[in-house]
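Step one of this worksheet: look at the structure below.
Each chain gets a letter, A, B, C and D, in the order it is written, and its residues are counted from 1.
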């Protein structure tokens, strides 16, 4: 088989935003392997300057339609941090619940609509409607549940409006929560179906491994998406989120103009697999059982397994959501009015997006007008790792030929669930 | 009637409006019964050179985007602007308050001069090419999207409200956000959203663009009576309705 | 709980259309189409000249359309539709046999059985203003002995926009009838009169005491025509106008067609000008 | 529609706990829509527990018209072959706690919707309703029903309740009301003292439901308007008008509507619905083709007051189409929608 390939994927499909793949190899010698991002930069950090602290969430939610709740949460937490606002336990639980809505929606969307077609040899979910109608309906049901949680708690499915500094603009009724709980319980068997479908296809994922550093939030009490400190698989030490710049270490690679991130190695990975590798010990029973179904264990370093970790996490957040609702209902929903007053200061918000750890930092003047912003998105943190994966992957799988290699590389990019439209700041190399 | 071929293209945006199309869930099957998607990068790998309907999501923020959208317009019989970024420029217009050079430097510092970071003041799609149908909102309402698509396929002019959000807020039996002393843009913002934000206890921030013949001057006067400054109003008005344009 | 139907008036839902079918559909100008309908039940519509119906096109909507034919011309009723909205555009696509829904007839009519009887009648029509008036013209010509001289003045912007050209030739030949037409702008072939409709009026002699005028056209036309007729000595109570408004319900509820206290769908569309002359919003 | 009562109406005396028992019984048997707290304000909502009924409310956000003419209401459905079928989705219900001014408005709507052509969709709902009117116990911030003669009502309701001291006097006003009060058979009849105190409540309400004072009799409003078409107040107020229709939508006597079709995904059949509309909205008087017969804000603004004070009264035998609920005053963020202020001003600057 020929060992020469020339791959130029202009705008990888079934990902959020635009990314290109460039590979050139001649007679088994790899000459060029590049992961490029030609997304139109949108300059959010410049745009928020001068805007009111009350509008920051509204603005930065628009960084990404897929992770709008996550960006909103990070922004609100940062604003509260800057303004010295504490929130109640009730608010905390409701936010986690809302945040879980997005994890469910995003993970199911990614695994079900964007990745499943690869595993089933299709170009999109559309033909699956005919070939796998029951599975597609199951996926739709689970996806709708995620959306439903966001709609009832966030006021909308995308770009939530209920989360304000200090609390919620509108609280759900206990009846709503009871209804949510029923829906969550009802989706558990559906998730089982999805897990089994993915498990039955998991052997179609390339057997590729590359050890790397995984970074995610960690918290002593639970498998966290919302609280905690920054942890790494490379060290026992955890880092306070206020020090996130010391973790992401944005740098310019000598061979590239792209800003990459590194912590203990030349790249690190964030996302579902990272969270799993750090927090797997805290999975709730059903999620742990799902992980066993796949044989997924801590220390997994096949990036394609990120999709599997997403399935495990979907079960985890559904389980935890049910717990949270029980806790909320036990105490009863108490009326609360969010109160916060602007002051000069700086704050950091950090939460886990479905695709990995996300950092927001803002500074405000005494009128609460934003003076400075720094946003570090998960996909930005994964770019260097994707590039490193490519560099290891191409020589190893070159012999499979251009078409297969191309598909696998696209799948590899998709495995990271990149959210390129999140691009608050990216630098990238040449265009294809 | 043969099914029109539909292609969805995205420019500078969060892709949240495409997500609303995905969020139609089972209704997507209904949608597929009236149109044939031939290109939709976010959801499918197929690409197509021929299509009848082009749906454009996102704003035009670079010269190269402008060329691309013109090329799409030339090939499309019908062009739909999807969502606030496309219909009014949306949140992306916030950057128009600054000089572009300054915006680039703010975010990219020393690397700001790299060619791919080229950016120009954000434009709505309609500021570059002729738009046949507009689906307003950030994000769009999936229900309205379905309705407009059905109108498009059957050759009808859809009913899109020109009146302010207050109409739907009253229909939802909401208490006016002004009573909470908030800067709510409902009285000058185009309805059609079902007043989702005020119904969730939040002010309207104007994502569907201005209502027809909006009384912005009255808004300034009324704000003052509620103890708000023109800057408070301005700050919120420019979120979705343009940076410099509204300043006058 | 059981859904019940309790209202006695539900035997007649005024919003429920009755099915009718297209019996003729022909292009008339670039933007106007001629359509004829018959109720499926076979019964005549029972309208008076000047009245309108609400036409429903399935899948599209409902719109008020003037009836253009006289009840003296058989069970079919005719319309001329200009492409301006969803419904009228859809009506342009209708073919013979296609079903539509009809509500009505609604509104007032030209006083063919009242004030016009025994009088000379002067019809002044601009553009598609001829459409509703045609029903009265036909009616008068079909009851020729009941009326004095019939004068029909018709103005359009261009020769191509003239309506009922062939029929107008018959009107011109009818006993004790005068037909005159004018266009704002001629084309290469046009040899007729050029100028706005008011330029035709000096060519007409009327006996103000025994003439009734019927005026229908675009909003701008009324002012000038009425001024001129007044100058010719015609009093406001001898002028009848047909006004256009947005009539959603046709039965005096929805409020869209209101001109001050008047509902065009109920109190109009035909008004004695004296009754609306003082109403600011009318003309 | 209403029959003259052939015998003396039943009048009973009801303690709070007896009221709760009665309402709880009604809820068990049928749909009850009652006034309830909704945040800091009040709204008519389906009642599931008798305790939630709040007869001490000041005013509801939206008048009870929403029960007879919903904000969005299906009229009919159809198929491609033009088979149109009316839709009537309604069931019998008790509407509990309507204030007298709102009842007056309902009676006006009854007239409007039955005049010449009867509106079957309105009356399907209307005739399914048994209306329990409750005299006002707490004046709302902008009420002026006392000036409009609508602070109390003596006919047109099915049941009338008045709180006198620590209990209610409950009187049937129709056979429907008598039937509703069947469950109160074992309650005592109202005594003279209670009836006397009820008279006092009526007198007081007429006096005190006056947060804004109209300096003329309502009957003088039409004549006043007839000579005020060119008054500067229209332009002046309209300059601050958002044309947002809030005053229309919260008004118990505004009933204008829009009608729109939506086709189903099969592109064959569809549904025709009507929606609340308002004459203050910019395109209300648009005709097909785009001409707007009331393009100026001031024309629309004036039209609304003329409609309430002159045009509709002409249909209603002179009754002013404003019942003094004050909702428009509260709803208008520009604070230009106070009818009392307008009419007083016209009177002063004649």
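In this text, contacts are C-beta pairs under 8 Å (C-beta built on N, C-alpha and C of every residue); 3 or more make two chains touch, one makes a residue touch a chain.
Fair warning: this is a prediction, and the values are worked out from it, not measured in the lab.
Q: When the contacting C-beta pairs are counted for A-B and for B-C, which pair yields the higher total?
A: If we tally the contacting C-beta pairs, A-B comes out ahead.
Q: Compute per-chain Cα centres, compare each with the mean of all protein Cα atoms, and return the closest chain.
A: Most central by this criterion: B.
Q: Of all chains present, which has the mean Cα position farthest from that of chain D?
A: A
Q: Measuring from the mean C-alpha position of chain A to the mean C-alpha position of chain D, what distance in angstrom results?
A: That gives a centre separation of 51 Å.
Q: What is the distance, in whole Å, between the centres of chain A and chain B, each centre taken as the mean of its C-alpha atoms?
A: 25
Q: With centres defined as the mean C-alpha position, give me the chain A-chain C separation in Å.
A: 65
Q: When the C-alpha atoms of chain B and chain C are each averaged to a single point, how far apart are the two points in Å?
A: So the centroids are 43 Å from each other.
Q: For chain B, jot down the residues that touch at least 2 other chains.
A: 154
Q: Tell me, which residues of chain C touch at least two other chains?
A: Each of 59-60, 85 in chain C touches at least two other chains.
Q: If a residue has to touch 2 or more other chains to count, which residues of chain D qualify?
A: In chain D, the residues touching two or more other chains are 260, 263, 267.
Q: Any two chains that touch count here, so list every such pair.
A: Those chain pairs satisfying the definition are A-B, B-C, B-D, C-D.
Q: Over in the complex, which chain A residues touch chain B? Could you list them?
A: 11, 13-18, 38, 40-43, 45-52, 55, 58-59, 62-66, 68, 109, 113-114, 117, 123-126, 129, 137, 140, 143-144, 147, 154-159, 161-162, 164, 168-170, 252, 257, 259, 421-422, 424-425, 427-428, 431
Q: If we count contacts the way the header does, which residues on chain C are in touch with chain D in the complex?
A: 1-7, 9-10, 12-17, 19-20, 56, 58-63, 82, 84-85, 87-88, 99-101, 219, 244-246, 248-249, 251-256, 258-261, 266, 280-281
Q: Considering only the defined contacts, which chain B positions touch chain D in the complex?
A: 1, 27, 30-31, 33-34, 146-147, 150, 153-154, 159, 162-164, 166-167, 169-171, 173-176, 178, 186-188, 211-215, 218-219, 221-222, 225
Q: Can you check the complex and tell me which residues of chain C touch chain B?
A: 59-60, 85-86, 89-90
Q: Give every residue of chain B touching chain C within the complex, in rising order.
A: Per the touch definition, chain B meets chain C at residues 154-157.
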